[in-house]
Amino acid sequence: MSRKLLTGLAAGLMLGTASTGAMATDLVIYHSWSAPPEVAALNVLRAGLEEKGHSWTDIAIPHDTGSNVNLMSLVTGGQPPNVFMESNPGVYRDLAGMGLGLPLTQWFEENNVVENLPTSVAAAISVDGEIVKVPTALHIDGMVYYNMEVAEAAGVDPTAWTSFEDMFADFETIRAAGYDPVAVGSQPFQVGYLMHALTAAVAGPDVYSAIYGSEVDPAALDDPAFRQTLETLRLFANEAGPAAQNRPWNETTNEVISGRALMQVHGDWMKGEWLAADKVPGTDFGCMQIPGGKAVVVTVDAWGLLGGVPEDVQQAELDFASVVVDPEVQGAFAAEKGSTPVRLDAPADSLDACSQEVLEILGDPAHQVQNPHNTADADWQDSIWDVVFNFWSDPNMTVDDAIAQMKENYDTILG
Amino acid sequence: MSELTVAQRAAGAEIAIDRAPYFPRRKKMITGRSIAVLVFLSICALFFAVPLYVVVVTSFKTMAQIREGAIFAPPSMWTLEAWDYAWNQACSGINCNGLKVGFWNSVAILFPSLVLSIALSMVTGYALALWNVRWAGPFLFLLFICAFVPFQIIMFPLISMTSTLKVYGSIWGVALVHSVLSMPVLTLIFRNYYKDVPQEILSAAIMDSGSFWRIFFEIIVPMSGNILIVILILQITSVWNDYLIGVTFGGFNAQPMTVNLANLITISTGTVAYNQNMAAALLTAIPPLVIYFLVGKLFVQGITAGAIKG
Amino acid sequence: MALRWSRLSPQLALTPALAVTAVAFVGAIGWTIYLSFTRSRRLPEYTIDWSEWGRQYSRLFRDDAWMISLRNLITLGLGSALAIVFGFVLAAMIDKEKRGESLFRTVFLYPLAVSLIVTGAAWRWMFNPDMGIENFLHQIGLTGLNFSWLAHADTAMYGIILASVWQSSGFYMALMLAGLKSINSEIWSAAKLDGVPLWRLYIEIVIPMMKFTFITCAILLSLGVIKAYDVIVAMTNGGPGQSTYVPAYFTIQALSSSGNLGYASAAAVMMLVITAVVFLPLVLLTAWQQRRRAEAVK
Amino acid sequence: MPRVSFEHITKTYGHLTVLDDLNLAIEDGDFLVLLGPSGCGKTTLLNLLAGLLDVTDGRIVIGDRDVTDLDPKDRGLAMVFQSYALYPTKTVRGNLKFGLVSSKLPADEIERRVAWAAKLLQIEPLLDRKPAQLSGGQRQRVAIGRALVKNVGVFLFDEPLSNLDAKLRTEMRMEIKRLHDELNHTVVYVTHDQIEAMTMATKIAVMNAGVIQQFGTPDEIYERPANLFVAGFIGSPAMNLRKAKLSLANGRTEAIFGSGIRLDVSDYDFSARPEDGAEIIAGLRPEHFGTPDGSVEGAAGVFNVPVQYAERTGPDASAYFRFEDELLALRIDPAIASALAPGQAVSVGFLRGKANLFDARTGQRM
């Protein structure tokens, strides 16, 4: 409570002078978040925005309701939102082409934000050398979260695993103790994320960049390490029972929280669910990177701002940006969402055990790659999701089949 | 015609009851076949009713009881909590004002949609069926083809068009798209129905008045009771239940209740609150359900009276 | 010929509908067809590279998901046809056995009032292996039964078919009931006098007499099947894998997830082609039939 | 005054010509019946007059107005339809008023006319009922009332009695006749029923295949049919039409039938000088025969023919005889009809001066 108050106060003080003359503006804010921790985090931003005298009109279309078409529909329909959660660089290029882009490089420099961002964040918010996104949350796409109570009951120690071999070797023990070793959700989104996290962890940054980067090299698809990645994915798929079908990620997390399964390998936004269930990191649950992983995938959730708007609206949008990147707000936001602050100078008390682990991992620039949504062509990226989800769902589909399909897709889409 | 026979049968039955004490006559036996048919129908009815039953009882249960897994068991403790939550507190994105927001949007979309689509297609159907227009034939054929056009193929252009008309993302925009999309089918239904209006009545009216609109309002509209019931029911359910048009054209002010519902079902608080989901689903389904239970009989009658045919 | 208002007003009254048709349907279809030849991604792009104008289409026919969509379309069509058969059986029984007519009719009809989003929520919950029917069956000892159809690629379509049959049978029943009621009641008496068994009467006389009702039902059903989208979103979101993709879902998916307007347009155009292939014979048949009927009247 | 004339009327549907250069004119107060089998074009003609169809070519004049291009409601007509065409959702009163309200008459005048028509047709108690609550005859009266209130000079009737049962039909026939006598409007009446035509019309136009076969008073039509079609169409049982040859021998003109029977037609009023040996068709009305086996004194010819069968229709009877492989119909006394046994040969005379003769090649009256 006091933390929130402080946040608001600080935000008010910091920019109060700047905004006294500004008109109150209603900002339309488009996002796809819907899980309670995500909504709680958004409310931190809203409080900050309202402190500055602006109001927040919300438009939320959750993932996987078949309507992600919405942002571009809104733009085409002549009702573009002022602020939108978007990573895809293509969208920014389109908007710039339509005269609706808002370059932020200068603003970031004037406000001394850039020097306080981790390198991976700084890299993620630029498109074609120009900063266009406002980073709001930092995540690692493939972390292992496990229930410590279950680990103890099953007699295994996840921290001792140094490779996937170690991990899968313990599965029999876990099953014998009456627990599911790993909870998975059979949903394109979860499988797609697991796949690229595994690619980074198993095949390493080079293969990863060749497949998920902005320049795709189809030769990487034949890399033995990539084959091994798919084989590993198959091991996870084998753990998916009928109940996993279409199960959202947070329900999957709940399998672990409630003690039915030992662990989940997914983005570290899982932490929000754990915190919402009043569990304490390091005491009730442990977090670690994929055993033996060669690299982690960093997701930077970021907001885009609409350009080509009247002066006062643009000022309001920039006010929103300043709320988002404010260190205090970052701390509060991360605590609610379960993310890691995008600023290195966020208050230290906002960092729990898991966030500290994340920052430690991020200390090594060579050990991190970017979420494909920030870099890859959407069509190509989506086609990989299709192939791996089919691979996941069809036990008879071989690794060769999957690779052959990916190559064909490459030829069609990018060739 | 059938009304008469029903009435006659009813009258016959009354007489039979009156006389029963004095002239004990052989009752109409329930035959074996009747029993078999009734049993079969009852089983089917069960199949149809089960989902509704499950949804209803689930919405009144507590989550604790749902987790026990007895899907068909009645609630051990009836509670309206889930209903209250779904109506007043359910979140859609950051706003937690419940489904009631979307409910009023749906209502606001429904009425202009009904008025626009029915007015347009009724007049068009009337003109095509009863008046001699040279290009009616080709136009009718075109409408027939349009009736089969999948929404997807015209979705993107329609977005641009509504945007040009400055109605994208408003209640009016959604209502307009509903009206446009339903126009061909509704017109064909009206046209088929009006085709059965005796040509002589129209001739008489032409000789009496000659006014296209006066004949429409004074003669044709009063004769359209059956068809209007059928169209109203079809159109109310299709507009109310629509998801895709609402989500595509609703922008951020005019999302109907189904979009809220889909959001609510997708948003889950750790474990899925099935009772809330089911309560929300029921809330969304109540208006069309009430209409069906009230006037479903008229619906079948209207169809029997020739509202829909080949 | 002199200008007469009686001639002009119907034409004026038709103008709005004509304008709507021309712009919203004909124009929009043309627009989409044009886009399908371009390389439009998230936003329309109006240059066509004529050397490879058919690239979106050739991609479509190499796309496994599209092939799955087509196959599922057929499966769904055949499966949903059960709704017509079922609707007819129900209608025939209700029509013959008057007891409880209005109750049964209401019960069979109500699913029509419920949106597919709601239907999907209800059925998904019943198919849920932990809390749904499977769990119930296991609790009462029928442990061998498997009811988690939606979880397996080879059975998921059946789950969808079940839900859509459940939803639409009542509607076809209403149409069939109307068709049955329009049959001359003397036929039943005649058959009774002739001692014709009921089932033969239905097959040889009643069903042929109702062929227009059946054609109408078939048209409406095919329409519903080709446009099927909500039920997929509500039940499976296309999964497991892409096993429950249908063309309408595929098209939206190509537009939203892949952000490929050109590709989505090509898929949409193919949907139109499918529609044409399915319906043109029916449309021509109906037109021919109407002309014949009109001539018979003269 | 509303004289109605059709001038060079042509009506085609695509390649199908229904009426070709038709001319017809009637005077004010005439009761014209358009009579013909179904499909002869009589209803088309009526609809052209009403303005419900457009002429392809030609002119329609009512009074001194060319109405060819006028809207139906502006032609000064009222029409009664075969199915009555009452507006089902309006009361009888509403039905009567509908056409008047649009003519912007003052309200009291409308009321006055409705009351007048209701009284005239004795439908006053029905004024507030809906058409569905009326019997067939009552509906018919309302339909006529709806035409009457318009107070126009010309009334059109399209087979108005064909949906009534026989008794009602006779009643309504009288009723319409009475109205015409009282109000003296011009009437154009379409029917295929010759009794209606004969009883009501002042002028009949017999139509076939889009062509007016004969136009004249009922008596002219019956007594002197202009051609074979009219001869065969009017009268029941139909006129007996038999092939014969003319013989001009012995100062007599005789029609000689195939079997040798001779019919003296010397007193026939030929329109052109007959030729000896001309192929003709003789038309013999059934009622112009003498009593079977009765006196044949002064008959134009005598037929010796076997009885096929006889039928009684209450006050009347018809007998059919075998003559040259065809039936010969006679109208006879019912008392005699019962006495005739099938196969029995009788001799029967044909009255002098009653034969109709037609040219076998052209079918026209000689």
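Each chain carries a letter (A, B, C and D) given by its place in the written order, and its residues are counted from 1.
Everything that follows uses one rule, which is that a residue touches a chain if its C-beta (ideal position, glycine included) is under 8 Å from a C-beta of that chain, and two chains touch if they have at least 3 such contacts.
What you see is a predicted model; the values in this text were computed from it and never measured.
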{"item": "Label of the chain whose CA centroid is most distant from the centroid of subunit C", "value": "D"}
{"item": "Chain-chain pair with the highest tally of contacting C-beta pairs", "value": "B-C"}
{"item": "Whole-Å gap between the CA centroids of subunit B and subunit C", "value": "16"}
{"item": "Separation of subunit A from subunit D, taking each centre as the mean of its C-alpha atoms, in whole Å", "value": "93"}
{"item": "Length of the line joining the C-alpha centres of subunit C and subunit D, rounded to whole Å", "value": "57"}
{"item": "Subunit A and subunit B, separation of their C-alpha mean positions in angstrom", "value": "42"}
{"item": "Contacts with two or more other chains, residues of subunit A listed in rising order", "value": "64-67, 69-70, 76"}
{"item": "Subunit D, residues touching no fewer than two other chains", "value": "71-72"}
{"item": "Residues within subunit B bordering two or more other chains", "value": "156, 206, 210-211, 244, 262"}
{"item": "Interfacial residue positions of subunit D with respect to subunit B in the complex", "value": "47, 50-52, 71-74, 77-79, 81-90, 98-99, 102, 146, 150, 158"}
{"item": "Touching residues on subunit C, where the partner in the complex is subunit B", "value": "5-7, 9-11, 13-14, 16-18, 20-21, 23-29, 31-32, 35, 44, 90, 93-94, 96-97, 99-100, 102-119, 121-123, 125-126, 130-133, 135-136, 139, 166, 169-170, 174-175, 177-178, 181-182, 212-213, 215-216, 223, 226-227, 229-230, 233, 247-248, 251-252, 255, 261, 264-265, 267-269, 271-272, 275-276, 279, 283, 286-287, 289"}
{"item": "Parts of subunit A lying in touch with subunit C, wherever the complex brings them together", "value": "64-70, 72, 75-76, 88, 90-91, 94, 97-98, 186-188, 241-246, 378-379, 382-383, 385-386, 389-394, 405, 408, 412-413"}
{"item": "Subunit B to subunit D touching residues, read off their complex", "value": "198, 200-201, 203-211, 214, 218-219, 222-223"}
{"item": "Complex contacts: residues of subunit C adjacent to subunit A", "value": "41-43, 59, 62-65, 124, 128-130, 148, 150-153, 229, 233, 236-243, 249, 252-253, 255-260, 263"}
